[in-house]
Amino acid sequence: MSILSLRGLRKNFGATEIIRGVDLGIEDGEKHAIIGPNGAGKSTLFHLISGRYAPSAGAIEFKGQSLANLPPHRINRLGIARSFQVTNIFPRLSVFENIRCALLWPSGYRYSFWRLLDREAGLNRETGQVLEKIGLAGRAEIPAGEIAYSEQRALELGMAIAGGAELILLDEPVAGMSHSEADKAVELIRRVTEGKTLIMVEHDMNIVFELADRISVLVYGEVIASGAPAEIRANAQVQEAYLGEALSDA
Amino acid sequence: MPEVLVFATLNGLVTGLLLFMLASGLTVIFSMMGVLNFAHASFYMLGAYFAYSISLYFGYWTGLILAPLIVGVLGALVERYGLRRVHQHGHVAELVFTFGLAFLIEEAVQFFWGQDTKNYQTPDLLDFPLFTLFGQEFSAYRGFMLAISIGIFIGLYQVLTRSRVGLIIQAAISHPHMVANLGHNVPLIFTAVFGIGTALAGLAGVIAGPVLTTFPGMALVLGSIVFVIVVIGGLGSLPGALIASLLIGLLQSYAIAANVGMPELLELLGLEFPRSHPLDDLWTLNLAQIAPILPFLLLVLVLIFRPTGLMGKREQ
Amino acid sequence: MKALAAKWGLWGGYLAVLLLLPQVFDSILAISIFNQMAIAIVFALSYNMLLGQGGMLSFGHAVYFGLGGFLAVHVLRLMEFEAVYFSIALIPLIGGLTGLLAGIFAGSFSTRKAGTVFAMISLGIGELVAASSLIFTGFFGGEAGVSGDRTFGPPLFGMDFFSDTDVYYLAVFWVFVSTLFMYLFTRTPAGRMANAVRDNPERAEFIGYSARWVRFISFCAAGTFAGVAGGLFALNYEFLTDENLNLVTSGRVLLMAYIGGLGFFIGPIIGAIILTLMNFLLSNYTELFLLYLGILFVLTVLFLPRGFAGFIMMHQTAWLRGRLHGLALPYLLTGLPALLFILSAVCLLELSHASEPVLHFLGLSLARDSTLSWAGLVLGAGLGAFLTARSTPRLRRAWEAANAPETRVGRERAS
């Protein structure tokens, strides 16, 4: 059964249609990559799933429940977490606080103003574990705005996985990283998303083929192919539309 | 009744167009720089005071020309050496800075000119009734105010739609992020726009000073209302600012002119309330009394139900 | 353990200072200043919950202060006419509840957005309430205001509240409790998320929090403590007017919090103390107090965007590296001429504003008609400005040296 299904999804801004009828089912536990040329609508698709934009038409269902017109925080509470292409953290809070904030709602703290965070041993231990996982334990007390770029990317990833969401959306998780940093990041992503459903947008084909068990190709707002990495590699249409040049680049 | 209506409309137009002179500058400054200039009305006040001082020595007409120029230069200096510095700390810091500036200008005015109301008078040349209608006079000076406001409005419209600078400003209003791509003279354009906007506010002060009285609180009286207009019209929309200016001007004018209130309303409904009831104030309200709060009520309502304002597209 | 002890020590010290102040300075004047400070501290801290912690710039915070105060005065009046039996000690609670209710009402529609929209709504509500207060004279007393009498309640621990000292001890209780609760609030999930929403409301939405709800909670809490401050004000002055809820008061609390430093919990406390002291020390001696205040405020926004507390905290790095002493001489070399400039400029302003022919100021006798006085002051100001400008490069170098990263050897030794 699909954990997430998109049916006839459309999104237009004024006269420009960015997403032009996307049908896609994501299986539970799947690692799914969405690739496509610039401007194909990959980020827009993420924004639709995570609630930043409302769809113009079509349906988005997560475990049978419709996500259309839910605000982002309601979607997050259902078990969908995401990272952003452009680093999107709380710059004036410490690295530790960033992760702890991401853990608050999933741990059931809601809007409570009668519990002191420093006394919540379980929460703080869990925060420490996430920091260990993403390799930022040594940077815990530094304001998140002041750490290195690749560390901010790791933090971004940490915030996405901290709450134990079932479905994780990663928008270009290794963008702007060096080769060795990207390799580390892939290892990290593999480790922290184990047993979870992952959808990611990525430009780097090596990483896509390394991580994904299924790939969808988005071109001008439409999915032109969807299948296992080997199928996609062999697909003539994909070759022509996009992959050829990307592969020859790599 | 018709004479009340005609004069209320005329006075409303005069006030409305005067408000637009302030609101237009504020809107253009906001659109381009993202700064809601709290001190805008303070430049209006400075215009009135400078013109008053100049008129003592060189007469009204010299003040009319010189005062807005001085105010514009001051405004440009504030932008260059104040706002630009605060800009790096974000919009909240900018808003706080202009708030502090408004406070400082009010105190500075009291320092240089004292706390009393200045006897700033209309020029002799315009000291006659323009026409008499239903036994009431409409002064030539109010006609002059109307003419100047309309002149400025037409001039502004021409500049914005015809000139190169106007096109740049328009582009900046509709696509604020594009401003950065317009070339290396963007900071200069900012300073110039701020200077011109404050000069317009100064001009409004020069012509309003003799009628609305020149005193240290004049900025406060008008300042919040101009803010209200810019927000109601839709932040960044010039047509919206015009409509809202006229709306507020007329609304206040009618409210003051109309002599109706709760007592009349209750009488009409056949209801009677005992006097000295705890809510007595509510039953005895009349429109003239609530005229000053109408703009703020409108502001809160607009922001709740239509945060983009009447004509605006952007929220922030 | 050590951190915990330090924390308890800090709070204990705070309480001790509050309690001991009237023992050290026991004049009637001093007590009245302390009372003003107490009120200002609670009010400024509550404002910081909005702007500093929650990123909401309000131009109408006096509404909650004033409404709390007005209701408190009305309760005092009811006690006076023996319509209700109530304890004086709980009057600030009346203010707090009023502030909370008003906060719930206004917050329900104004916290949807932060930024400019929020600032404008707060201004609108502020002006609306201020204007209404002049219309509904039954409750607000119009321009004359409303007054009550705090001495009609039952005595508390033998205090009958005839003297300001009694009020002070009651205020100490409320100030301490309010400060503690406002501090603790910053350590709760709701308080921490307020910071997160301030920094990045969008990201907060994607980790499960509604930015609007987070703001709403901070807003209500800020309204509550502003109301407590208003209740204290009502007890202290027994008198409220429309000025207590209009833009003047809203602006003043913004000034206090900003000058003190928004980013730090202690900032608004510093701001409240400095401004209350300035108000007392200067307003009796000069008519130009508000002018100086305006200049101070604009200069703070321009040059010390993080306020006095931020200025103090700037020295943390140098302090940790043990290089603070290297700054002392450069500070002195720049500070003394700067002081000369400021004092000369103040004298010039005072002299040009003086109504008497001879002005006695700072131990000087300056004649308005004497060219010598004017020339001396202009010379002093010029000299001060020149020497300040000349010594700043040295200060800047010293600053950079004190804050420079440690050398490799130093770091290895440290670790």
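We call the chains A, B and C, going by the order they appear; numbering starts again at 1 in every chain.
Note that a residue touches a chain if its C-beta (ideal position, glycine included) is under 8 Å from a C-beta of that chain, and two chains touch if they have at least 3 such contacts.
Since the structure is predicted, the reported quantities are computational estimates derived from the model, not experimental observations.
Enquirer: So, comparing each chain's Cα centre against the centre of all protein Cα atoms, which one is closest?
Expert: C
Enquirer: Which one of the chains is farthest from chain C, going by Cα centres?
Expert: With centres defined by C-alpha atoms, farthest from chain C sits A.
Enquirer: What whole-Å value do you get for the distance between chain A and chain B if each is reduced to the mean of its CA atoms?
Expert: 49
Enquirer: Between chain A and chain C, what is the separation of their C-alpha centroids in Å?
Expert: 44
Enquirer: So what's the Cα centroid distance for chain B and chain C, whole Å?
Expert: Comparing mean C-alpha positions, chain C is 31 Å from chain B.
Enquirer: List, in ascending order, every residue of chain B touching at least 2 other chains.
Expert: Counting only residues that touch two or more other chains, chain B contributes none.
Enquirer: Which residues, counting only chain C, touch chain A once they are in their complex?
Expert: For chain C paired with chain A, touching residues are 184-185, 187-193, 195-196, 198-200, 202-211, 213-214, 217, 221.
Enquirer: So in the complex, which bits of chain B are touching chain C?
Expert: 36, 82, 85-86, 89, 91-93, 95-97, 99-101, 103-104, 106-108, 110-111, 220, 224, 227-228, 231, 235, 278-282, 285, 289-290, 292-293, 296-297, 299-300, 303-304, 307, 315-316
Enquirer: Using the touch definition from the top, list the residues of chain A that touch chain C in their complex.
Expert: Touching chain C from chain A are residues 50-52, 71-73, 76-77, 81-82, 84, 88-93, 97, 100-102, 104-106, 109-118, 159, 163.
Enquirer: Spell out the residues on chain C that touch chain B in their complex, using ranges where they run on.
Expert: Against chain B, the touching part of chain C is residues 51, 55, 57, 59, 109-110, 112-113, 115-117, 119-121, 123-125, 127-128, 131-132, 135-139, 247, 251, 254-255, 258, 288, 290-291, 293-295, 297-298, 301-302, 305, 349, 353.
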